[in-house]
Amino acid sequence: MKPLLKVENLSIRLPAGGDREFAIRNVNYDLMPGEILCVVGESGSGKSMTANAIMGLLPKVITVDKGAVIFDGYDLASLEEHRARTLRGNRISMIFQEPMTALNPLMRVEDQIAEVFLVHTKMTRKQRHDRTLALLEDVGLPDPHKMLRAYPHQLSGGQRQRVMIAMALALEPSILIADEPTTALDVTTQAQILKLIKELQRKHNTAVMFITHDFGVVAEIADRVAVMEKGEMVELGNRDAVLNNPQHDYTKKLIAAVPPLVSPKREIKPLQVPPILSVENLCKTYRTGGSWLSKARIVKAADDVSFELHRGETLGLVGESGSGKSTVSRCVVRLLNSDSGKIRLSGSEIQSLGTKELAPFRKRIQMVFQDPYASLNPRKTIGQIIADGPIAQGMPRKDAFAKAAELLALVELPIAAIDRYPHEFSGGQRQRVGIARALAHDPEVLVADEAISALDVSVQAQILDLIETLKKRLNLAVLFVVHDLRVAAQVCDRVIVMQKGKIVEMGDTRQVFESPAHDYTKSLIASIPGANWRSDTTAVTASGVQEGAA
Amino acid sequence: MSIQTLLYIAGRLVKGGVVLLVIAIFNFFLIRMAPGDPAQVLAGEAGATDEIFLQQLREQFGLDQPLYYQLWIYVSNLMQFDMGITYRQQMPVFDLIMERMPATLLLTGAAFLLSLVLGILAGVVAAAKHRQWLDSVITVAALIFYATPLFWLAMMAALFFSVYLDWLPSFGMQTVGENFTGWQKVKDIGLHLILPAATLGLFFTAVYARMTRTSMIETSRLDFVKTAKAKGMKPSRVTTHHILRNALLPVVTLAGLQAGQLIGGAVLTETVFAWPGIGRLMFEALFQRDYNLLLGVFFISSAMVVLFNLVTDVIYCIVDPRIELSK
Amino acid sequence: MNVIKSLTQNKVAMVGFSILFIFVVIALIGPYLYDGSPWRMVQRPFLPPFQNSNYLLGTDTLGRDVLAGLIYGARISLLVGFVSTIIALLIGIPLGAYAGYYGGWVDEVLMRFTEIFQTVPSFALAVVLVAIFEPSVYSITGAIAIVSWPPVARLVRGEFLSLRSQEYVLAAKLNGQTNRNIILREILPNSLSPIIVLASLMVASAILLESSLSFLGLGDPAIMSWGYMIGAAKTVIRQAWWLSFIPGVAIAITVLSLNLLGEGLNEALNPKLSGNREN
Amino acid sequence: QPQNGGTINVVVQPEPPSLMIGMYSNGTTQQVGGNIFEGLMRYDKKLVPHPLLATSWENSEDGKTWTFHLKEGVVWHDGQPFTSADVVFSIDVLLRETNARLRTSLAFVDSITAPDDFTVVFKLNQPFGPFIRLFEVGTTPMLPKHIYEGTDFKMNPANHHPIGTGPFVFKEWQKGSFIHLAKNENYHVKGLPHIEELYWHVIPDAASRSVAFETGKIDVLPGGSVENFDVPRLSELDNACVTTDGWEFFSPHAWLWLNNQEGPTADKRFRQAVMYAMDREFAKSVLWNDYGKIAKGPVGSKTTFFDDTLPEYEYNPKKAKALLKEMGYDGTPVRLMAMPYGETWQRWTEVVKQNLEEVGIKTKLVATDVAGWNQKISDRDYDISFTYLYQYGDPALGVSRTYLSSNMAKGSPWNNAEGYVNKQVDQWLNEAAVVFPDSKRAELYSKAQHQLVEDVPVAWLMELEFPTIYNCKVQNLVDSAIGINDAFGTAWIKQ
């Protein structure tokens, strides 16, 4: 078979002052008709850049250095803009990562889709309308008539992504480039979108270049896999070959970092009584947008939530976006005031203490935040960030800084980091600082709200290891909020599954994963991409992999 | 328009009314802190007077009453939309203001439209030619107009266009005594309008041009623009259909804020060009201590601000479907 | 630091900075180098510029040295510009900070208060304030400050509103930091960049405002300022255009340089504008 | 050979509060209103009265009874006949209530009666020298009884649509733009007025006023309506004519108020020092373009009672310093308050400040606006300030008011606001107003002038002249002692 698209020796130069000299370098690959090629690699490895080069959508400052992208006899890398334009959206189309921002917020869905026909065809208004309607039906949007009239903000993330897909497939292109189209979506939604892409791809025999960093997704849909590292394509092969028998070290490292979907057998320790933290009938309702003229939007984010947490245990809190995980964890650490219910920290009720009375409890329960960029004050040194807590609790400055130094060692950061600012560190390193800050109080309970979600897989694995080690060493109780079920399966002793503010299931991890009782849990687990892949292997830890210094 | 929208607008108007009332009371006391009173000013201009005359005037104006009583009278009249009588012209404040209002609205309206159209155009062109010479020219010109004192520009313009070139009239709103009608009148007023509207408008043109440019550049980096490009659309269509509309949102907000402020802010232009608007009326009322008139002008121009803010919000809500009129 | 580096690389901003620096130096030391009062009548009136080397820029309606006026005027224009901005910041920042940080009814009350000041046309309010409290440097500076603080309050409020739910602020709360500490040490330093940018533009508009007030005859009669010079020269613009032209240019250049600097700061402090990076 | 027809455009600055000349005596009310209303007489530039609404008048032997004979066939603008009842009503009822300046003089009038429709008789309680100077239109305008009688004068709707007997009728007033007057077709003087239309333009900015004249949009710039700095330039334009006539009745006199009651200025030597410190020649040439005259004393040099033997205070900083040293001036700063009536006064304040500082008097400039200035002057809340006052053709009307100690009450900026007290001077001035005949008056005024010049209650600066600039096509513009105020009835345009 003749390849549809040939990328030959493509190199793209970054402007001066960029991360490195070349965004991608000497990349070669083919795309066959009707195949799904997955491009994987960590953030910044050049995945998007490759796609943009094909689309001719490189930023002005970035230039193709050498090489060619041959499609249909043309070299896309050097095609005149007006010629390229006739291909774009017509023969080659693209879907982007962020469904929230990829649609024009001021235009109705219909107009945005119909624009494709307007630009590339001579259809009448009526024809465009009909085609658009058909497309919306095709991508499985409910009530397509209404959808036509809707604005993007009125749709959910999954619905928007469907609109994007409809737009991309409108003219039945030969090639569809999908740049992380599901990363921002919930697992169940992701599963639906993946299924949709696959279906449509089969139906129209489209070649798909699918960019992702999730090996689960790769396992789910790929025919072939290309692995990129720092701008170079280090491995290219059939799915099974690459996944199960990786050749390149980098690929190996990446795959090793993916947690297998099997909960390790744990010694089931008898739970200590009394629990260090117990939550009873916690309720929290948000009211927004209400005034004396308009009805408020009411969200029950935590609805009668009860659970216990014991020392030395990791309790997972899973569920889809908006299910109330963050709300519960913030109520527990008293960043939010709950509406009703009891929160006991080693027996003392803390749910209604004032700022003053709360102070002694503050240090006993601490939190690690999700975003390693937003959780560190950019204007303070690492030392200050860590020492601030103890100082606020009355520790002399000198001692606090000495303690900060100790903690840096504990989280495996160089002592020199103490005088540096957050922006000088990588995401993983920052997350270590965040952990050190939480530990500065010698807490008994650690709440981690999506503490690893923003990190690359390999870095994720390191942080998970670190937390695990610290937990054992300090006999911590950890409330671990996570949406990635693979991670939950790996690290949690017990899990709680939340849906719409309610706990729908709670139990030992292994038991919940192997025989889920609630329908919602079942659908969650069924949605995990690549569920069959590495469901039987044991966990491989990625320890020993050192991060490069920033 | 839905009931909800109407209710919302009604609510906003009520709130605005409260704000206006507070402003009126605040201004009432503020103005009384000024030395002297209207009687003294009138007497001062008369060139000779005595205590009896001053007393007569004060009685006539009601200024001999205790202050709280005067406030009470003022506020309760205001609640009935009565702004009192001017001390100087002895006519209802509202009538006098309305007599001057068309002039101000014409001037500021023209300046506003001019600056909006010109500014947005310049901003779009500059953004399109980002980092090219045309961009630099527009940016520099905008900066210079932005940095030049308005009154100075007005003076220079009058000097150049009226005196040296004798192209345009330099003062007033119409050629008095000609009694033009129909088109002639329109043309006459139009000619008089050019200089003041242009000088008043230039500053705002600069403001809008800069803002549009920045906003266009920022918006063009947003994701949906990439989507639009990926559809294979021409850059011009991407600009007009996708970037421009989104980029104009902040401009709309700013323009709305300024439209309101313009009414009361044309004092300088009206002074230089002898434009018979309410800015000047305010200025004169201030120095004549014509309390009622001054308060009236402030009230009306603040009311304009409230109104324009509301209109802006409604417009904003029409152009941006994400915004719902509530809260 | 990063900001200074990116600022020094911005040629336009550096031009603005240099001009401003020169003006500030002139304002600070000029009067000592240039002895004699700017009010002294030293030559025949209406001496055009570049005719007498002792009075390079000529003389005004009363035969006073224009250059001396310009030098002394730099002092007052900049002083009024900077001081009024500082006062406006001192009013606007705490107000906005409290409103944004505490939200709820505190926010409601403070913002209604701000709204009142924003509803009254600001130039008119400045005129009235100066006229009522009688023109002097103090009343002018005060009036300019009073009409220019609301945007500061709004900006700071917005910043606080978004920063208060930042994770590092939450972390500080968890640390048991006092609200005061959180406002002053966690949030404020991080909201400074837009404030600095706004402040630089406010200085510029304060200078313009001062000159406008002077033009309307509301300047401090005892102090030589650029605005005064234009105001005093407006009546003789026909016979001596340079008398209004020269200080007008001085104002325009100062305001321009402040704007350039402000724009440079904005680009340096707000990577969204300058960079092409996602983050 | 005057020609009929044409339009004249005049500047009016500031916009008058009203045209009702009987209630408002503001300068611009008089300028415009003086063409709508009329007094019983007109005064020529030598202040000699000429018939207008009165055809003749006579005084009794004892000087206490004045009889006026009115012109017959005069009608108001609304067609009603003008009679002696109007005169009695105007003076005895309306003006007595509303016109402060006239009220002071009416204290000498016991009764006003109208024996028939065209005769009016005034009975005085003692001879009053300046009586015959009271009847120009600004002081004693004739107002229609049939419209005002029994109404609240201030609220009468006719105030907005004035009705007089004058050569022009009121047409329209667009507030903030212009006032339009038109020829009175039924004017009682045959053949007058020549001009068809009269427009008074409101142009608030001085520079714009100049431009308007230059561009030919304006024909007449009344005295004081453009800044002095512009006068030489404008007067050199082609077609521009200048006259300083028409101010004889007012003869504006400028001086510095000096607070006689408090502060360093309470010391006579200090006040004399101020006189010596003042470089009045400089001010005259630079600020007033050499129009006007340095004032020697309290009485204008164009008035009959001026004494030219008065000693002179020349510009002499040395003497000033010596006087200050003698009194032991300790450098207490004095507040110098500018007069908020335009640029010239602002500049003059700066010059005076410079003059004072050169002899070692520390000064602090105080800025204020018209209202503040009036209040501060009338409350004597100042050390030194400016003013200029009209003389109204007779010291009894325009001069004594400033120096009589009986006239010292706070509350008005037009009386003895400096707080000067000298019983001797009081006596001379009071007597001079009522003695008969004029030679006796002159003697008394001379004594008073000498004493005042010695005491320096105020520092006299200049007798001002406000040049009227006009397009030379306008003929016979100023032909009375009040100039522009009643000029257009006789003016005409050369086509």
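By written order: A, B, C and D. Residues from 1 in each chain.
Just so it is clear, a residue touches a chain if its C-beta (ideal position, glycine included) is under 8 Å from a C-beta of that chain, and two chains touch if they have at least 3 such contacts.
If you're wondering where the values come from, they're calculated on a predicted model, not measured in any experiment.
Chemist: Where the contacts of chain A and chain D overlap, which chains show up?
Modeler: Expected: B, C.
Chemist: Farthest from chain A by Cα centre, which chain is it? Let me know.
Modeler: Chain D.
Chemist: Rounded to a whole Å, what is the gap between the Cα centroids of chain B and chain C?
Modeler: 23
Chemist: In angstrom, rounded to a whole number, how far apart do the mean CA points of chain B and chain D lie?
Modeler: Roughly 40 Å separates the two chain centres.
Chemist: Where the centres are mean C-alpha positions, what is the separation of chain A from chain B, in Å?
Modeler: 50
Chemist: Give, as an integer number of Å, the spacing between the C-alpha centres of chain C and chain A.
Modeler: That pair's centroid distance is 46 Å.
Chemist: Give the residues of chain C touching no fewer than two other chains, as numbers and ranges.
Modeler: 131, 134, 234, 237-238, 276, in rising order.
Chemist: For chain A, which residues are shared contacts with two or more other chains?
Modeler: Chain A, residues with two or more chain partners: not present.
Chemist: What are the residues of chain B that contact at least two other chains?
Modeler: In chain B, the residues touching two or more other chains are 34-35, 155, 159, 163, 271, 287.
Chemist: If two chains touch, include that pair; go through all of them.
Modeler: A-B, A-C, B-C, B-D, C-D
Chemist: Give the list of chain D residues in touch with chain B in this complex.
Modeler: Touching chain B from chain D are residues 7, 9, 14-15, 17-18, 24-27, 97-98, 100-101, 103-104, 154-155, 159-160, 174-178, 180, 197, 199, 201-205, 207-208, 211-212, 214-215, 217, 340, 368-376, 378, 389-390, 401, 409, 411-415.
Chemist: In the complex of these two chains, what residues of chain B are touching chain D?
Modeler: The contact residues of chain B facing chain D are 34-38, 40-54, 56, 60, 88-91, 96, 99-100, 103, 155, 158-159, 162-163, 166, 169-177, 271-274, 276-277, 280-281, 284, 287-289.
Chemist: If we count contacts the way the header does, which residues on chain A are in touch with chain B in the complex?
Modeler: Those residues of chain A that touch chain B are 55, 57, 85-90, 93-94, 96, 98, 101-107, 115-116, 119-120, 151, 153, 164, 167, 289, 291-294.
Chemist: Can you name the residues of chain B that touch chain A in the complex?
Modeler: Against chain A, chain B makes touches at 4, 7-8, 11, 222-224, 226-234, 237, 241-242, 245-246, 319-322, 324, 326-327.
Chemist: Please output the residues of chain C touching chain B within their complex, sorted ascending.
Modeler: Touching chain B from chain C are residues 112, 115-116, 118-124, 127-129, 131-134, 204, 208, 211-212, 215-216, 230, 234, 237-238, 241, 244-245, 248, 251-253, 255-256, 259-260, 272-273, 276.
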